[in-house]
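Note that subunit A is present in both complexes that follow, paired respectively with subunit B and with subunit C.
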Partner chain A sequence: MQRTSDQASDIKRWGAGALVFAALAVVGGMSNAYVISLLTIVLLFTFMGQSWNLMLGIGGQLSIGHALFVGIGAYAVAILNIKYGVTPWIGLLLGAVIAGFVGAVLAWLSFRFEVRGIYFALLTIAAAEFARIMFGGWDYVGGMQGLFYQAPSSAIDLGMLRGDARFYYFVALALAAIGVAGTELISRSYWGYVWRAMRDDDEAARALGVRTFRHKVLVVSISAATAAIGGGVLGLVQGAIFPDSIMGMAISVDVLIGPVVGGLGTAFGPLVGSMAAIPLHHAMGALGDALGLPGLNSVAYGAVLILVVWFLPDGIWPSIVRLYGAIQLPARGPIPQLRKVEE
Partner chain B sequence: MTALLEVKNLTRAFVGLVAVNDVSFSLQAGRITALIGPNGAGKTTCFNLVAGALRPTAGQVLFEGRSLEREPPEAVCRMGIARTFQIVRPMKDMSVLENAMVGAFSWTTNVKEARDKAYESLDNVGLAGKANARTDQLTLPDRKMLEMAKALSTRPKLLLLDEVMAGLRPTEAAGVVGVLHRLAEGGLTILLVEHVMRIVMEVASTVVVLHHGAKIAEGKPSEVVADPAVLESYLGAGFHA
Partner chain C sequence: MLSLWLNVIAGGVLIGLVYGLVALGLTIIFGVMRVVNFAHGEMVVFGIYIGYWTVRIWDVPIVLAAAIAAVVMFVFGYLLETLVVKRFVNRPHHYQFIVFIGLSLLFSGVLLMSFGPDPRPTASQLSFQTVSVGPLTLDWARIQAAATAGLLIAALGAYLKYSAFGRSLRGAANNRLGGLVVGLNIPRVYAVTFGIGTACAGVAGALISPLFDAQPYLAVDFTLLAFVTVIVGGLGSFGGALLGGLTIGVAEAIAALMFTPSMKTALPYALLIIILIFRPRGFFGAKDI
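Up next is the complex of A and B:
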């Protein structure tokens, strides 16, 4: 009995997800250039938010320096493409491998020497800042002047991953869909179970045979690799990369705001959160410019964060789910009060 | 008869006190042994030493002839020793079923296999009907049973139970006693910490008594309860049976 109800809710959940993304595809076909480019950024940060969410929401490891991995991805794609004409597909792959390696080394060293929790998070910031300064002083990659892509020659060139704004919208949409589905799948896989166990109680998980050390290294590495893919595409979309923007603290914040606002550890949370927070950020930035109040966007970010933490500590998405009860909270397992226990 | 677990001269000192002091005992395969003693006697510390959660200051722990003192808890678990925590530790954002699945991932990576094992473990402790509940919806006795189900999912050869029946009503405790007997008949070796002497008499074939970290008695339950040293440790100096 329980299993059929699981299957039914599985179908509902995946169906709901497919509907949302179908609707977003329609939006991409209809909207104007401004909306499209804004939503492209939202969707890219949904994807990168998923990578961050995997690490904290499921694996229990906090990073506030995800810009490091985003930047590695962006530079890998840009260097190969701009300097050597290599397709971004290769750059994305290489960037993911390098970032995955860097993430694994960072995690390995920290956890080996018992640097955990908030101290590990501080280390991620330090690493990101170190990389930003290093890239800024590195002439081969353009230093502070950055790297510029040539303008795309056609509306769609899938082989070179170049195209117009609408093309990138659909690339970002595909990534976001992969992120949501991937989170859902991973969360219900062997990895998902042992990661959530070590997130909830490291010592109890170890007592049940979970080799938490290697799993922490693994989750950080996978998170880093996927963030790098998002960063590679972000660089292409923006047409240029600079160390201060692509590896700056602001990127790390943009990456985590979606899942924090939307709902940590959930498959849909980062999408909902990015949809809410990033357009607000842009709108407040524009308003701030118009009113001569720079920093209004940061104040808005802070306000949203405080409001969410205060009123919806689990994030927006779980609150919606609880309200409607039809869809389950995906990555955190069933919400039993909404569900009859059948025997 | 071979010993599954051998504890030799086990000692653990904390700052200012020796919580476990030169304790030796061995567990026979397929038997239920009770570890008893007043609060603070060192029973939980003993469990932590065997399970790899604490390093001994001195002494040895041999499981199937292999030395365990340097192994981390996850390795000890994978060798076949599962433990419950006296203060229950459910994974709070996972359902009851998911909690019970975790242990199964110590021997399989197949989710369906883990789920089947989890249902079996939950069934063993009478929690199958609450598989989809959240752990904070469980009563304390149920949480204790969940601790046991989590441990059972690891397919242990030796199960360490730290006060799993504390707080249970007599009828509930009787149910657990039945479960323990069934598990032992199935070949599982059990070491349990338990306070209620009536239950100890009922389940254990051997009793080890700790007091101030030292072993003061060991034997059949009926012998141990008649031991003046044991009575004294429980009821205070000056008491003589």
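Up next is the complex of A and C:
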């Protein structure tokens, strides 16, 4: 009985997910250029937010320097493509491998002496800043002048991942869908259970025979590799990359805003959070420009961040789910979706 | 050549004392409240602007400017803790990170709106005076800043060690629950601690105002510098913050002499990574964070 209801809710969950992405695809077919380019960024940060979410929401390791991995991915694609004409597909793969390796080294460095929590978080941000300054002074990668892609032609070339804004919208949509589905699959896999056990109680997990050190390195490495893929595409979409814009602290913040605002450890949270936060940031920037007040953008964004964490401590998505549950509860008993939030 | 090196190292030690004061503010707040203040750099920049107004416009001595910054920033920190930070003290680190990033954006936005993005030079008479001691030729501004910072660090250390409030602060840092049990007024301790922490940053800002142009964008650099300093020294350690500040100050000065200017900014991070390989908790890091 339980099993059939689980299966039914599974079908409903996947169905609902498919519906959301189908709707987003329709939006992509109809909207104007501005909306498309904004939503492309939102979807890319959804994907990178999922990768960050995997690390903290499931693996229990806080990174506040994800810009490091995003930047590595972006530079791998850009260097190979701009300097040697290699297809971005290889760049994405190579960037993911390098970022995964860098993530593993960082994790190895700190977890081998049981350094965790806020120390690890500060190490990630220090590594990101170190890389940003190094890339800024490194002529081979363009230094502070950055690297520029050739202007995209309107012809869509899947082999070289080049196309117009709408093409990149669908690339980003596909990535976001993979991110949502991947988070869901990983969180139900053997690794997902091991990582959550390790997140909730490291020593208990170890007592049960989990090699937590290896699993911590693994989760950081996988998160880093996926963030690099997002970064590679982000660089292609932006058409140019600079150390300050692709490895700066702003990127680290934007990556984690989605999951935190949307709902940590949930599959849909990063999408909802990015959808809310990034357009807000852009709108406030436009308003500040219109009024001639350069700081208005950050004042409003900062205030909203504080207010969301203040009043919606679990994020937006769990609040929506709870509301939905409250409406449905009397008729049907406990809603299976609630379980997801508790995880 | 030797005198050049001595000069550079002495300059690094002097600025390192001020870095130590900045890091001390961060480390006191962390040690007691287990909160990492990501808006710490904004507090330094507030201090620089206070220095800009008092020294440049009203022409008061730098020591008095530091005292004004201490009072203003203490009140500011106290209020900030009671109104906002207090609600997030027991929340997970990533929520605190978001709140402090929010505060940092808010403050730098307010600075940008009030003073505009252009750097304001605080250069006064003081910025160009030098003092010669044997082979050393040192900035008078740096000497004043370092001496004030050093005295303040010593005074703060003595205060935390011997005063009744210092004891309750250390008690709260060691064991929050135990402090509550024996009747410590923890909310007040937290608010005063946060006030002291921001005051340290503000004073450091006012002290270095003759050396740095007042500019809203400096805040991120100071926040990151303070992070690196406290990790090098050991998060939550009083002596660690001081030693970390001196290490970073000297290392920066040597890097600026030996390598390109961009290496000067990168070196603290490289140093941090090297230290983490050999001493992952910094010089005096606590066993469990």
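Definition applied: the second predicted complex is superposed on the first by the 323 of 343 C-alpha atoms of A that agree within 3 Å, B and C clash if a C-alpha of one lies under 4 Å from a C-alpha of the other, contacts with A are read in each partner's own complex, and residues count from 1 in each chain.
Everything that follows uses one rule, which is that a residue touches a chain if its C-beta (ideal position, glycine included) is under 8 Å from a C-beta of that chain, and two chains touch if they have at least 3 such contacts.
Quick caveat: nothing in here was measured; it's all calculated off a predicted structure.
Student: Between subunit B (first) and subunit C (second), which does A:Gly265 come into contact with in this model arrangement: first, second, both, or neither?
Tutor: In the superposition, A:Gly265 touches subunit B alone.
Student: Quick one: is A:Trp108 in contact with subunit B, with subunit C, with both, or with neither? Answer first, second, both or neither.
Tutor: The answer is neither, since A:Trp108 touches no partner chain.
Student: Going by the contact rule set out at the top, does A:Arg211 touch subunit B (first), subunit C (second), both, or neither?
Tutor: It touches subunit B, and subunit C stays clear.
Student: For A:Phe148, is the partner it touches subunit B (first), subunit C (second), both, or none of the two (neither)?
Tutor: It touches nothing on subunit B or subunit C.
Student: May I ask you to decide whether A:Ser189 touches subunit B, subunit C, both, or neither, giving the answer as first, second, both or neither?
Tutor: first
Student: Does subunit B (first) or subunit C (second) touch A:Val253, or do both, or does neither?
Tutor: So A:Val253 only meets subunit C here.
Student: For A:Glu203, decide between first (touching subunit B), second (touching subunit C), both and neither.
Tutor: In the superposed model, A:Glu203 contacts subunit B only, not subunit C.
Student: Tell me which touches more residues of subunit A here: subunit C or subunit B.
Tutor: C
Student: What part of subunit A is in contact with subunit C in the complex they form?
Tutor: Result: residues 56, 62, 64, 109-110, 112-113, 115-119, 121-123, 125-127, 129-130, 133-134, 136-137, 249, 253, 256-257, 260-261, 264, 293-306, 308-310, 313 of subunit A touch subunit C.
Student: For subunit A, which residues count as touching subunit B in their complex?
Tutor: Interface residues on the subunit A side: 2, 188-190, 193-194, 196-197, 199-201, 203-212, 265, 332-337, 339, 341, 343.
Student: Considering only the defined contacts, which subunit C positions touch subunit A in the complex?
Tutor: Result: residues 36, 84, 87-88, 91, 93-95, 97-99, 101-114, 116-117, 216, 220, 224, 227-228, 231, 235, 260, 262-263, 265-266, 269-270, 272-273, 276-277, 280-281, 285, 289 of subunit C touch subunit A.
Student: Report the residues of subunit B in contact with subunit A in the complex, numbered from low to high.
Tutor: Subunit B reaches subunit A through residues 51, 53, 72-74, 77-78, 82-83, 85, 89-95, 98, 101-103, 105-107, 109-111, 114, 128-134, 137, 150-151, 153-154.
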